[in-house]
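Could you have a look at this structure, given as structure tokens, before my questions?
Labels for the chains are A, B, C, D and E, by order of writing; each one numbers its residues from 1.
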Amino acid sequence: MTVSSGGFPWITLVVFLPILGVVAILLAKEEMAKWIGFAASSVVLLVSLPLWGMFNEATSAMQFVEKHHWIASPSINYAVGVDGISLPLVLLTTFLTPLCVLVSWTSINTRIREFMISLLVMETATLGVFVALDFVLFYIFWETMLIPMYLLIGVWGGENRVYAAIKFFLYTLAGSVLLLVAIIVIFFNSGEDTFDILTLSQAAYSPTLQAWLFWAFFVAFAVKVPMFPFHTWLPDAHVEAPTAGSVILASVLLKMGTYGFLRFTLPMLPDATLTFTPIIMTLSVIAIIYGAYMAFAQSDLKKLIAYSSVSHMGFVTLGIFALNAQGIEGAILQMVNHGITTGGLFLCVGIIYERTHSREISDNSGLAKPMPCYATFLVIFALSSVGLPGMNSFVGEFLVLIGTFMWSKLAATLAALGVILAAAYILWMLQRVVYGVPAQHMLSKLYDMNPREIGLLLPLVGFIFWIGLYPKPLLDVMHASVENLIQQEVRVMTVENPGQNILESYVLTDSSSFALGREALAR
Amino acid sequence: MLGTLIFFYLAGVIVLTATLVVALRNPIYSAMSLLVMFFHVAGLYVTLHAEFLAAIQIIVYAGAILVLYLFVVMLLNIKGEEKYNKQSFVALCLGGVLLVESVVLGVSQGITVASPRSPSLGEPGASVGNTESIGEILYSTYLFPFEIASLILLVAMVGAVILTKKDIFESKSS
Amino acid sequence: MSVPIEFYLALSGLVFLIGLVGVLVRRNIIVILLSIELMLNATNINFVAFSAYLGNLAGQVFVFFALTVAAAEVAVGLAIIIALYRHHESINVDDFSLLKW
Amino acid sequence: MSIPLADLVTILPELLVVFTACVLLVLDPITPASKKDFLAWMCFGTLVVCFFVTAAGMGQQTFAFGNMVVVDSYASFWKLLLYLVSGLTILLSIGYLKDEKIELAEFYGFIMLSLTGMMIMVSGTDLLVIYLGIELMSISLYIMAGFKRFEAKSIEASAKYFILGAFSSGILLYGISLLFGVAGSTNLAEISTAVTARGLNDPLVMISMMLLIVGFGFKVAAVPFHMWTPDVYQGAPTTVTVFMAVASKAASFAAFLRVLLEGFGGVKPNWSGLILGMCVLTLILGNLVAIVQTNIKRMLAYSSIAHAGYALIGVVVTGWMGTEAGVASRGVSSLMLYLAIYSFMTMGAFTIVAILRRGGLEGEELDDFTGLAKRHQGAAFLMMLFMISLAGIPPTAGFIGKFYLLMAAVDAGLTWLAVLGLIFAAVSAFYYLRVVMVMYMREPSSDQELETRLALSPTATVVLACAVAGVVFLGIYPGPLVSVATSSAIPLP
Amino acid sequence: MLYALIPLLPLFAFIVLGLLGHRIKDRAHLIAVPAVGISFVLSVMACSEVVDGHVLEIPLYTWATSGELTIRLGLYVDQLTAAMLLLVTIVSGLVHVYTIGYMHGDPGYARFFGNIALFTFSMLMLVMSDNFVQLFVFWEAVGLCSYLLIGHWYERPSARAAATKAFLVNRIGDFGFLLGVLLVFVTFGTLQYQPVFADAAAHVGETVDLLGAVGGGWEVSAMTLICLLLFVGAVGKSAQVPLHVWLPDAMEGPTPISALIHAATMVTAGVFMVARLAPLYNLSPVAMDVVAVVGGLTMIVGATIAITQTDIKRIVAYSTLSQLGYMMMACGLGGYVFGIYHLLTHGAFKALLFLGCGSVILAVHHEQDMRHMGGLKDKLPITYWTFIIGSLALAGFPLTAGFFSKDELLLSAWNAGALGQTLTVLGVLTAGMTAFYSFRLVFVTFWGESRVDPHHADDVREPAKVVTVPLLVLAVLSIVTGYIGIPEFLQHAFPGSEGAGHHGPAATGIMIVATLAGLIGIGVAYLFYVKSPDIPDRLMTQWSMLYNLSLNKWYVDEAYDKAIVNPTFKMADYMWKKFDIAIIDNAVNGVARGFAWWGWVARFIQTGETQNYALSMTVGAVVILTAYVVF
């Protein structure tokens, strides 16, 4: 039987259109591959746009829901839908994939067919992760994503690609081991015969169980994010991956982890969340500062950006576990921002790599003269990742900092330090790459960007300034869902100390959440 | 009383010869002592009123199988006097452990066998064991296993041919 | 019946163990097969003893089948030994270990 | 003395298979070498027929030959699986035997006979019958393993298999003899009543159970009784390896489970703990050693050990103390599901190995796969698919199989076991992906380009098609198979 | 609503130049200058509207909402803002004109105009903003502009470094500023000025727990913390000690920039901010004192360094530093009106001085060291005379604008209690030094015989009109601004801060002393550099220690490099290699290697010998049986 939304199956269409593209590529000739790839991904983008238009900001409920029975026992459904949390990420994904195809236009010239296929499968998998409303479905997409990424890195990557690919694959796979078990445990403890995420979010689990599940989830998500101690796969993967790979990796893949926190950890394990918030916050702060600090030491552009990603994702987790509207909305916004900004940076690196075939800063210095247009774009993206006001990242970081500040002045202060560090390494990078003196042996290779490259960077710049100058629309999409999410926590906290809504409990007594956490643990 | 004496004689020889089979360095001697043992096992069967089996024991085991062994030994004329395997000590220990443990178990819990099916047979094994009744059930109750056994023999036959016949493939492929 | 069942059990157990040890200690395949025959005989002793003790023929029939199987195994086994001998000019088990690790 | 017709009808599939085998052996000498394929197709046809016969009788439970044989949905499920596997093996062999120059029609005969043995194993309810079934299956396999007589490895595999097999069946038989003493019969039902009556710590019960577990543990290749597996799998002709790895393992598991549940259902705590230990060891050892293998057949052998470990999780769950009936049957069904899925992916993987030829030999070394994606995209892609599935990564069937096993484990309160299993699934991903890596991310040497070719006979294509269909379809829509397995698990207590 | 155009016009100019710059090239000024011109006119109108005390509020749009946070952007024009508007538009306009000549033929001509247009926009938005976020946004935006403009000639390594340095140091300040803003939100629940000012008084008693959820309970007064944090931003932006190091280096940028950004407008943003947030600062005496002290320190430090520098632009830069010190001090002592007053006049004459330097530099072919100048007063009459005026104003010579503003500033300081009076003394001292170094500059540069590089000693001549006209205008302004009653105008913006009585002994006393100090300074300069030029050298050798201290800017830069910059980079590299890779990553790979190793070990169980296999089976059996026996 079918419990469909009755309406047109938008989500399914968006998610599985890329697969159609794959089929088309298989049928067509090798030369056609990239054209089809581009066509398919653009169509997906076009189809995904109406979601934004038809999205109802008023409700926190899932929208465009489709639900079909898939497996009878245990009842697993094909259930998809979006809310204010997933919608931005879905759009981000659909928006970035065409760019990835474009940037690979000339840089990928071996096995184009397989490349495009991997890219499209990747898109389906990632979209699936963001829209899945059934835990098993989610996990399936979550894992499926590994394969195409593995190939992207391993087949089209740099010198050390195999090592990076296997490391990426095994690390993330091992991470999600506990996730699967946790899913099953939740299933048996929820008291209902369903893997439906929303239903499972409503059920109440004993604090001790929650504590276990929390860490099970944590490992899986933290590896993806990646959070501080689990970050070492990122530099390798980023450096070795082809440009498109890096972009997808940074812009979409990392978001899965933080999305996981938002979608599962917070709503399903409120007590445990409150209990362990301090730990996560600490880790996030460490990630912010540590990542930024590591970036200082890098002479390889991609490595530098990779470590900066660690730092930026630290802001996201920080915001999420601030557990208040500003923090979480800032975090979601920051996911999008990081996608755009870091994506842009990687695209830039890819463009220059195509010319000089080196990622070393020393080889790619002084581009302002020979490639003024490129330099401009690079500066814009760099400044955006510094979190310059008027650009996208500032909004996210600002909100996150507000949220964190309510939780702990100290945490916010340290996090803000990260912003200074970011400025330091990014500007230092600019000073060398953009303004420095060009390396003589490279001069001949430095020609400015062609229309295709400009075309693929312009939209990103557009977003940077749109979000930077008028973030309200994007935020409005989130409000309802985030509010609903926070209510989950409030429910718990009011159990702890009635008559206090979450904001007060943070603003008035910063330490309340900590205390509550302890009690929750004690129970 | 007499029965017990006979049993102990037979058992003693059986164990002895069995040990010799394993202990003797020369395969031929081993085979020979196995032959001796087969006869005594057959004797044991007789004391248990399984005359038919006793006969088969002699015919099949001693007559067929063992001869087959000797035949192969001769065919491949293996020089005797082979050493024991390096692991023999470990093996003996393990065997000992198994023995001790089963004895311990047997003594501690005591061994009880299922109670006789048909008490009507006052002196057990009197009527049973005669060839007729065996044949009877063999072709009625145990028909199905009987057929399977025939298949096993078939397989063995064909398999032996395939494995041993020289230039079988050449002839096929030509 | 004069001889208690335990004696038969002990006997068969002993023979079985001897056979088992034999399989482990001898290197000549033929002797190993002989040891396996010991194990089978031990089984048969059990069956016959039980069947006599319980007074049902099932045990004897089982011996009958076990015997058949033993015969078949011997046939195949010897065939394999011969084929093996063609390759290795030896029938000591530890002489052939192409396949390992 | 008359043979009741009903009984014959009940075992109609067995009769058909045997009949075909005999006909084949008769026809073989009189058919010209060019026509041999006909015989293979004859066997295949028979299997198709049997498939429908069994499928039609699915659901009801009929005993035959005085409760020696039962045809219930449990047995039928396995039989269907066995037909499928044997059929595919036959199809694969048609081409393979030619390539390997061991084109003997008897081969198919052996497949049919050993299939008979397996069918008897899965539907036997009397230890005598089960034992004979095992022997029939094993003896055929001994011979098939040595089929490449002129190759030392093949014969060595055969010999090792034979010696250890005989050894284990000796042990098994002794166990049966003791049980006979315990129950006064070899019928599982009576055994279970006797065992239940005597309870846990009767020495005879204990020893006999120990011996049975050793015997069956050998057949299903559970550590520490697994050691024949790598050598035999590597040495035997690949199609035989497939047959052993899939069919005989499935049949052995089926019989093992039936004996444990119907015979020793009363003393579950007595064996579930043991099986748990074996299960853990098997998981760990299989996966660890597979990491360092460079020969694909051997690697797959170890992986099949590891998979036996996963399947054992199902067995453990059925016997785990404190699990009520629902959980137990979930264990059984998940085990059946897993083995069914495992058959597809293993079949596929071995098929690729069988059809990939370098020089005159088959490409069984990891190195032979280097840069396969360059030359034979299709084959490389399929191999990747099977590897992914074996590693248990969605959306392939392998994931579904693991998923249900883990469900069962967690349901039985063995969460840690589930975690362990998954950790080693991650480990296994390493060696499975290495194959993918070699195929996709390494450049083939120039001579390799010339030497390697794909001996892709039409029949082999069919096999691959089936395997892929299974791996993908069951991965995306496992519903039907799941429900079949669930319903088939019921007859066991 | 019309006044929204004041900032928007420069923005428009920037956008046009940014997109079409490569087309427009040398005609860039045709877009930029008119834009700024019109916004000047509009500013005048705006000014005239608020002159009678009421304010303009122009809401723009809601920027973002999140939870209980709502940020509305808008423009807010009161007298303070109006005055700043005028200053910005005038100086910016003149600098635009001046640039036409100064940057003529520069490859980055259009880019340059684009950037200063952007700067003008940002600066205007900054002064007009009506909430903290907007303030912060443009606070950083102007920083960005200065970054881009300092780095305009990025071929020069020094310029690159200076740009980065400026941005980073500002970032450090902004870090405090940002935290201040956050604290404001947490305390007041809003970020709009008016509501915050409205119930500022209500929150005086409040304290915040510094460590928050981390525990510890370290309570401090919210208001003070807010003010101090925000002031950190001001310290960075207005180059107060200890974050002053970026300003002198910023002189690497083209001179018009130095005039516009690093003298007249951006660097004064800090002072402006303090004045703008007077309602908060007034509530926190502690913060006020800190502001005052820091200002005073900067004042004296800047002066002491300026007296020994030889790069003309740096001299002026350091004087800017110390003048900013004056203003900050004034604000800290509650004399906002006079702080801003001095800010305005200073804006005029300091811009004048910079542009003067510019035209000198232009004349002597981008030579900045005054030891290679001299005797220019005949060759560059206009420059010379305007420069004199500027210097007089800077030295607080009677009847110049500088005289009035500085005088009233010191007076108000004197009336502000003990701290105020000590600082006043310092102020007078500084005034003396100021006079000294500014005239040292004049004498060495324009008097005496020419030491110009002989190659182009002969073609040293007055630059084009576009350069000289702005000089004249500014010269006029640096006189006039003293007479048009700016303080009275500003009074409205700072209720309750009626300037201390202009009459009475204190007033006259201060006036006389300050003037005298100025005159003495000039005299000494004359003595040293005209009468007997050997004195300086003698002093130099006698007081070499002090001399070097001053010459090397108190070694602050070196200290920072040694203490912070270098260690940071070294440490980073070490951490990365020795911790990230050697420990964390190694642990990760170690796990994988571990599994592989165990596999490698375990494979040897598989000896290939059949009987070992049988043995292992037996072992299995034994183990099982033992298990049974034991359990």
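Following the convention adopted for this analysis, contacts are C-beta pairs under 8 Å (C-beta built on N, C-alpha and C of every residue); 3 or more make two chains touch, one makes a residue touch a chain.
Since the model is a prediction, treat every value here as computed from it, not as a measurement.
Shared contact partners of subunit C and subunit D, listed by label: B, E. Averaging Cα coordinates per chain and for the whole protein, the chain whose average falls nearest the overall one is A. Placing every chain at the mean of its C-alpha atoms, the farthest one from subunit A is found to be B. Comparing the CA-atom centres of all chains against that of subunit E, the greatest distance is found for B. Looking at contact counts per chain pair, the maximum sits at B-C.
Centre-to-centre, using mean CA coordinates, subunit B is 6 Å away from subunit C. The distance from the centre of subunit B to the centre of subunit E, with each centre set as the mean of the Cα atoms, comes to 104 Å. In this assembly, the C-alpha centroid of subunit A lies 71 Å from the C-alpha centroid of subunit B. Centroid to centroid, with C-alpha atoms defining each point, subunit B and subunit D lie 31 Å apart. Within subunit B, the positions touching two or more other chains are listed as 85, 87, 90-91, 94, 98, 102, 105-106, 111, 113-117, 142, 145, 149, 152, 155-156, 159, 163. Within subunit A, contacts with two or more other chains are made by residues 170.
Annotation for subunit C: residues 5, 9, 19-20, 23-24, 27, 32-33, 44, 50-51, 53-54, 56, 61, 65, 69, 72-73, 76, 80-81, 83, 93-94, 97-100 touch two or more other chains. Every pair of chains meeting the touch criterion is listed here: A-D, A-E, B-C, B-D, B-E, C-D, C-E, D-E.
Interface residues of subunit D facing subunit E in the complex, by the touch rule stated above, are 159-160, 163-164, 167-168, 171, 201, 206-207, 210-211, 213-214, 217-218, 224-225, 227-228, 230-231, 270, 273-274, 285, 287-293, 427, 430. Subunit E meets subunit A in the complex at residues 61-69, 133, 136-141, 144, 151, 154-155, 160-161, 163-164, 167-168, 171-172, 175, 178-179, 182-183, 185-186, 208-215, 568-569, 572-573, 575-577, 580-581, 584-585, 588-589, 592. Subunit C meets subunit B in the complex at residues 1-3, 5-7, 9, 11, 13-15, 17-22, 24-28, 30-31, 33-35, 37-38, 41, 44-45, 48-57, 60-61, 63-65, 67-76, 78-83, 85, 91-92, 94.
Interface of subunit B with subunit C (complex): residues 1-4, 7, 11, 14-15, 18-19, 21-22, 27, 30-31, 34, 37-38, 41, 44-45, 47-50, 52-53, 56-57, 60-61, 64-65, 68-69, 72-73, 75-76, 78, 82-85, 87-88, 90-92, 94-95, 98-99, 102, 106, 111, 113-118, 121, 124-125, 128-129, 133-134, 137-138, 142, 145-146, 149, 152-153, 155-157, 159-161, 163-164. Contact residues of subunit B toward subunit D in the complex are 102, 105-106, 108-117, 139-145, 148-149, 151-152, 154-156, 158-159, 162-163, 168-169, 172-173.
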